[in-house]
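Okay, structure first, notes after.
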Amino acid sequence: MSVLGMSRTIMRNLFSPPSTRLYPTRLKEPHRTERSRGRIGIDIEICIFCSACAKRCPTDAIIVSKPDKEWNIDRLRCCTCNACVEVCPKKCLSMENRYTPPTVTKDKDIFRQPPKPPKEPEAPAQPETPAPPETSAGA
Amino acid sequence: MSDSAATEGGIPPALNPRERQAVEEIPVSTLLERVQKMRSEGWRLVHAACTRLVADQEVSYCFDRDGQSLVSPDAASLHGMHTLRVRLPMNDPELPSISPFYWPAFLYENEMHDLFGITVKGMALDFHGHLYTTMVPTPYVTKEPDHGD
Amino acid sequence: MGTSRPDPTGAAVTGGHAPDAALRPAPTRTVIPFGPQHPVLPEPIHLDLVLEDEKVVEAIPKIGYVHRGFEKLVEKMDFNELVYVSDRICGICAFIHSMAYCQGVEALMSVEVPPRAVFLRTIWSELARLQSHLLWLGLMADAFGFESLFMQSFRIREKIVDMLEEMTGGRIILGVCRVGGVRRDVADDALADIVRRVKDLGGEMRRLAEVFLHDDSVRHRLDGIGVLSREQAAELGCVGPMMRASGISRDTRTLGYAAYGYVDFAPVVETSGDSYARCSVRIRELFQSIDIIAQAASKIPGGEVGVKVSGYPDGEYHSRCEQPRGEVIHYVKGDGTRYLQRYRVRTPTFANVPALVKILQGCELADVPVLVLTIDPCISCTER
């Protein structure tokens, strides 16, 4: 027979801080773990547009266009499975640990990351100038 | 059932072991009497499923009995499951219901009817095609699998 | 079927095995639809409750509100990508689905999974079981109106889910299993820390369990409600805690899949078969899971966590695991190509729905939410 079994818990909770967080005013920022799967990030400078990520994506959220040097991801389709990150040969994809912020607009039903500026063509390698002959200090 | 097989004869238990499972093909006409025999021997119905193959379809009824297998057990084998399989033609497939022996089979049979279009006669609880009300009737019936890429 | 009743779904349901009482016309009968939208239900299920005054005489279930056609995806996604699909069959018991699928495909392809991966899978399964049972406890408390107990259960559950996030990156849908092993490793000291924290949570769970098992108001709602005898449970093909609460000692983990052959445990069994017994079974399984996690973490070997898999699956196999709700079967059939021929999931709630129909007969209307929750319904699993 027990009628006030929760009283100890109630007393403890009365004098301790709340277990909940006033989201979205206070985010889980300091507590999100390193491994949390939030969203995919890309370092577009080193991407070679091989489309390995697009082929591996199970939801077809990634669209790669090599001629346009464009890498698109549909955030609402991405299920953060990490497959693209694992398969990228250049390791330019990474999993950030923050969620995509909620959005109220849909641009043609695709939440598209604006295409990054196209890669600058590499400057042709300068022929190495021979080092100036060392002049001996003094005579 | 032993909870840890590690102590038996000093053989360490296998990691991620594979169960012994037997499949037996029977003609549709003998389905009910075989199922009745399974019931009398104390097997429980685990599940029933339909698979569409290239030329016909097969319906598998899987049974399990605690600690028993029709395949003789040895030290490395585990308790297995026994499957009774019937082959049905692609067009107008029909099956008798096994509800007289296993009342819970009505869910599996309704599902087979809704998704694969198999007519099952004499179900305990017949939803007449409305267990899963889909936009396309019998959605799992496709002429050829549509591989996305 | 004697009485005519409103049929909003358009389903003409025949009760071939309906009890005789339904055939005699009775003027005091009403049909009350329960669900698919109901505050107590985590997922939509519809029941047509035939009532005589306040007693339920018959219950006709209807599912199909979240049917997504997962099994058809086998045509579009190859066997590696199906892991992501299997992870997402359920929003509560997700990890064990993906583990069962991977085990099935690994059995077909005769892949030797590294031992460390197998132990990690076991530990994550038990953590998933902990959070699932805590979720059920919370929902059960909510079903009989004890909302603060519901909040306390979820407070503990949140800590478990945070631990899962630290280890794998996901809270429920871990996304960490793949054919050939697991995708993430956990350092040994991190694992030891997790074990210590889980054991600390065991103390809090004990306090929660005391309220569930001994509080008067809770016992009034659970004792003697929805009794399922041992013979009925066997005949209806129940699985999981439903069956173990009625006295049948069967637990799929005793088959020794994954690393369960290396840990010592025994199925948790109660004999009274009522809702209180089911609650008690799940609570005792909480502590059993903590013990299994500690054992597995102490025996985990070193090494790699995944092997490269080549080739295609050929053959068929039924892969069985013990989910928090019971035995789940993943049937995989391959024909030597990249795409599986058939992928069939028989989830535990699918096997428990007939039992729900039987225990609802003869109960009071006010007990219906408690009884529906007592089978731990995971309808999205059921309908895939």
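Each chain carries a letter (A, B and C) given by its place in the written order, and its residues are counted from 1.
Note that in this section a residue touches a chain if its C-beta (ideal position, glycine included) is under 8 Å from a C-beta of that chain, and two chains touch if they have at least 3 such contacts.
What you are looking at is a predicted structure, and each value in this text was computed from that prediction instead of being measured.
In this assembly, the chain whose C-alpha centre lies farthest from chain A is B. Inter-chain contacts peak for the pair B-C, counting C-beta pairs in contact. Chain A and chain C have Cα centroids separated by 33 Å.
In this assembly, the C-alpha centroid of chain B lies 20 Å from the C-alpha centroid of chain C.
Between the CA-based centres of chain A and chain B the separation comes to 44 Å, rounded to the whole angstrom.
Counting partner chains per residue, chain B shows two or more touched chains at residues 148.
Shared interface positions of chain A, i.e. residues touching 2 or more other chains, are not present.
In chain C, 77 are the positions where the chain touches two or more neighbouring chains simultaneously.
Put simply, chain C touches chain B in their complex at residues 9-17, 60, 62-64, 67, 69, 71-72, 75-77, 103, 106-107, 113, 115, 118, 234-237, 249-250, 254-259, 261-267, 316-318, 320, 327, 329, 331, 333, 339, 341-342, 344, 346, 350-351, 353-355, 383. Chain contact summary for the complex, chain C toward chain A: residues 77, 81, 84-85, 88, 148-149, 152, 155, 158, 162, 165-170, 175, 183-184, 207, 210-211, 214-217.
Residues 1-6, 13-19, 21, 23, 44-47, 49, 51-53, 60, 62, 66, 78-79, 81, 83, 99, 102-104, 106-107, 122-128, 130-134, 139-140, 142, 145-148 of chain B are the ones touching chain C in the complex. Those residues of chain A that touch chain C in the complex are listed here as 1-3, 5-6, 8-10, 19, 31, 33, 35-37, 58, 79-83, 86, 95.
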